[in-house]
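Each of the next two complexes has chain A plus one other chain: chain B in the first, chain C in the second.
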Partner chain A sequence: MTQPPDARAADTGVIHDIGYRGYTGPRLGRAHATRSLFVQSLRAAYGLGRSGRSKVLPMLLLGVVTVPAVIYVAVAVYMKRDELPVEYAGYLSDLGLVVSIFLASQAPVLLSRDLRHHTVPLYFSRPITRADYVRAKFAAMACAQLLLMAVPLLVLYTGALLAGMDFGHNTGQFLDGLAAAVLYALVPTSVALVIAAATPRRGFGVAAIMGYLVVSSTVAAVVVDMRGPSPGGSDAAQWTALISPNGLVESLVNEVFDLGSGFDRRHAPGAFGAAVFALVAVAMVAGSYRLLLRRYSRV
Partner chain B sequence: MNPTVARLTLRGLLGRRRGALLLVAPALLLIVSAIAGRSNGDAHGLTVKILGQLDLGTLTPILGLVIGTGVIATEIDDGSIVYLLAKPLPRWKIVTTKLAVAIGTTWVFAAVPTLLAGLLLYGTRDGVALGYTVAVLVAGAAYSALFLLLGVVTRHAVVAGLAYALVWESLIGNFVQGARTLSVQQWGRAVAEAVAGDAAVGADVSLGAAVPLLLVVTVGASVLASVKLAGLTLAAEE
Partner chain C sequence: MPLAAHGRYVEGVSTAVIKTEGLTKRFARVTALDQLTVEVQPGVVGLVGANGAGKSTLIKILLGLAPATSGRGEVLGLDIATRGSEIREWVGYMPEHDCLPPDVSATEFVVHMARMAGLPATAARERTADTLRHVGLYEERYRPMGGYSTGMKQRVKLAQALVHDPKLVLLDEPTNGLDPAGRDEMLGLIRRVHSDFGISVLVTTHLLGELERTCDHLVVIDGGKLLRSSSTASFTEATAVLAVEVTDHPEDLIAEPGAEVRDRLAAAGLDVQPEGSHLLLVRLADEDTYDTIRDTVAELGLGLVRLEQRRHRVAELFTAHDDASTRGGTDDDAAS
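This part shows the complex of A and B:
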């Protein structure tokens, strides 16, 4: 029969030694923790280490961006052409929508879930600092994006080389494409992460990121058309690409590497334009990074 | 319709700062229209670009998506739907109420600005403003029903909806003629063409095909959403 606590004899309590010990092994420290968070986030972006259902979407999108590259290579080999039917950087801007969907769907996976389940304070109770957290997440999302774009480029490149196409030309183009991929992986991603960090709701984050990316590029496209499709005189309208992260990168890459053709070619207007576009791109990334740091300084 | 459910849904949708965020899309449309209305170019081509591509093609699906999933998917996501489902209220009534709120909100945030933008850009000539407003009304209602269903069926409702609206309707629809038959946007255009005349809005789908498809999708989505909601299991966060 249990008695109320104050009725029990005071001297029956015993402290048992059940063998708890302090941790005496090596401590891996802050840098290792940051690196682990980076690796875990990068894997999470592709659904690795998570449930099977969350692998479906990223893997599907990875397939969607890669399959056309395989088809292009197959067509070029079959038709015995001495050049790929597409430019490496142009391929990325053609599939920009799919890459944006990947970004919009996975950026909230990395950031919103931590906010929603209040795991962010748990991270910060460890040696990891707020800046480390932002750095790891930012790097993870950028790397995930870069990986998504590097895979089809590699398919195109190896396909072109195996088919015996010109090595120098393809290598140059491939490097241009990789530079474009790095820019695509930095500029739109930084903006998307700021949006994702602002909302703990995943669905809303996805819609907001996609809404911003798509609406800004549609507005830019409409304004370009508004000025009429005259090939020479449409330079002024090209400035509107500044509002759209994807358009900004596409225009900048086309101008700097002298790519693209046709009258609907997006390009930064002239050398001065290219400098301004580059500056805006840097400002976008740096500004977004600062905003992220500020966002997490008061979680 | 259940007024309490409607009130709570509306508050979940527009409460706090969310209503202001939704206002960004119509405000953007009106600003672009106001700027474009003062430029002296091909006014008709410009109006078709802005109302067709920007408004009907991009803003309306995105608004429909945010609102359609916002009325129910967010509640399923954070689990608070159980408090609603525990009430002695038929599930189909919950679905119809939420659908009505979604359609009403989409109309306020998408169709009214479309009418204003059309009047700013092209006045009342040819019934262009009226035509696109009708198209947005019809498409907005169908999008709301479709995306509400997606919100009940899958946890990736927003991504699936975006894939449909942007990849299927815009990207594939641009290249494959047949894909336009299964496009909410084209059905909306078909109805608008019948109301305002084909000088105002062009459609690739005939009215005879569009109206049954619209009815099937809207009613079918609501029925399916009710059935799915009746047997809803709350999945754990992945």
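This part shows the complex of A and C:
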């Protein structure tokens, strides 16, 4: 059917046009293609490989979550404190809104754009399967989120160590923070991806994700606050955190790592509560993943 | 056919790039493909059919993206039911619809699609530069594709289908939305894909005229059924009929020149049929027929306006099929 590549090239006598050269190198197949899609999507979440304008928001948000960490470290060093003025995991819930904005703005970048511009069927004409596509996109968005949270945590940690603060304490706190970051990067992200996959319109996706995350966590927070400052009161209100992906993770992390304080401390109610919250978190991620698989089996 | 699969060789029994046997695809309400049995040989092959004839469904099944309801098929000797991923490694696909993200440059996009086909990063960059040059995209390849003309977008779509040097490309309506000049350039490129690049082409279209010039072979489907599969030459092959048209006599000495010529040719032993008011159809008996016609017309002092061999046009295939189906007969070669 085809001539060998060198024979084809030799046919053309023009020096300037070397003619068509075939490709005889390796073809790395499905796994390589899935990895490439993962890397490309992860870069796209930060606007890399896209227009200059699309880099503005993600980079700005990365700056917004990192700068307070730098300030905390600077203040602690200046005041010669032997401890950071903030808990690592608590830092993440303090900046939860910024992380949510990143998620709401970038999840549609990863999924809605491909739907909008009909790039999805083109991907499926390549070696990857539909499940590979979901896997790559899911991993890319989760890693983008994790990166957003890991950078400020790393700033806090290295700052604390350089300032000569207690190694054991900070390392433990840092690892707790990373565990929290992983949960934040999985639970809200999976729900956001399902919403983003439902619409080819980026604007709708952003609004719907932001709406869901903000409304659900506001409702949960308000219910907890309404209980008022009665330390002995019941924990019943804490269950409302189950409707909010962010509230769910925050409550679970606070309970498991025994973090947070004050009357508005959100936590899973007791060991049973923690178990239920953990189960709901797993169900949310697994359920969302299945929904995504189903969504793309029909494209 | 030997498939150079990175040291592996897959030996198929036939040389066909595409082979289907009784391929059937039923959806809830329609049968998109109905017992389609066809073999496509290397070359440029046109897949012809009206909208909804089953072309896109066939392409999806060939790429291993949708399972067939029944029947089987092979692409490059690989079974479509079980080896879809491998097939897609060796096949390029240019979709009919727009598929280009507007905020990405052609280079960036084609490199990405090359890697998605399994090429390592460096090879993907080199192949992208080569392929974009071959489809005729130069400086503009660094600009975001949102600002491209339809013609440039079609070139990028073709480039991403070729970038991994496939053995076969499936082009779905590649000339859609192009102006006549752009269409000619695209058809020229498609010819080169086979003649210069050595890549087999299956190109779908519902416009027949452009296929006659581009394709070696045509596969015609209608309602998911195979209507005909044969070489383009046999679609347009010469029939043994000459069309003759003469002028009026300069001094109007002959009242009905057409009838006079007809009578004389009939007297000379030729089979003559009038067609319309001006044309005579003369069966070509042998080479002398040309001379007889020329001499007869000259003797009468008339001018010869037209003397041409009648050919089937691909378009007639469909009118012939329509006639045949309304008559309830079988479709045969289109008769003039």
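Assume the second predicted complex is superposed on the first by the 269 of 299 C-alpha atoms of A that agree within 3 Å, B and C clash if a C-alpha of one lies under 4 Å from a C-alpha of the other, contacts with A are read in each partner's own complex, and residues count from 1 in each chain.
Just so it is clear, a residue touches a chain if its C-beta (ideal position, glycine included) is under 8 Å from a C-beta of that chain, and two chains touch if they have at least 3 such contacts.
As the structure is a prediction and not an experimental result, all values here were calculated from the model.
Engineer: State whether A:105 touches chain B only (first), chain C only (second), both chains, or neither.
Structural biologist: first
Engineer: Of the two partner chains, chain B (first) and chain C (second), which one does A:272 touch, if any: first, second, both, or neither?
Structural biologist: In the superposition, A:272 contacts neither chain B nor chain C.
Engineer: For A:215, is the partner it touches chain B (first), chain C (second), both, or none of the two (neither)?
Structural biologist: A:215 contacts chain B only, not chain C.
Engineer: Report for A:54: first if it touches chain B alone, second if chain C alone, otherwise both or neither.
Structural biologist: both
Engineer: Between chain B and chain C, whom does A:201 touch in the aligned arrangement: first, second, both, or neither?
Structural biologist: first
Engineer: Check whether A:78 is in contact with chain B, with chain C, with both or with neither, and answer first, second, both or neither.
Structural biologist: Neither partner.
Engineer: Once the complexes are superposed, what residues of chain A are shared between the chain B interface and the chain C interface?
Structural biologist: On chain A, the overlap between the chain B and chain C contacts is residues 50-51, 54, 113, 117.
Engineer: Which of the residues in chain C end up touching chain A in this complex?
Structural biologist: 1, 4-6, 15, 17, 42, 63, 65, 85-86, 88-89, 91, 93, 95, 97-104, 108, 112-113, 115-120, 123, 127, 130, 134, 144, 160, 164-165, 167, 196-200
Engineer: Under the stated contact criterion, what part of chain A meets chain C in this complex?
Structural biologist: Answer in residue numbers: 1-3, 8, 19-30, 32-33, 36-37, 40, 49-51, 54, 113-114, 117-119, 121-129.
Engineer: Could you please specify the touching residues of chain A with respect to chain B in the complex?
Structural biologist: Checking each residue of chain A against chain B gives 50-51, 53-54, 57, 97-98, 101, 104-105, 113, 117, 201-204, 206-208, 210-211, 214-215, 218-219, 221-223, 225-228.
Engineer: Given the complex with chain A, which residues does chain B contribute to the contact?
Structural biologist: Interface residues on the chain B side: 21, 25, 28, 32, 36, 39, 41-42, 45-46, 49-50, 53-54, 57-59, 62, 65-66, 69-70, 73-74, 77-78, 155-159, 162-163, 166-167, 171, 237-238.
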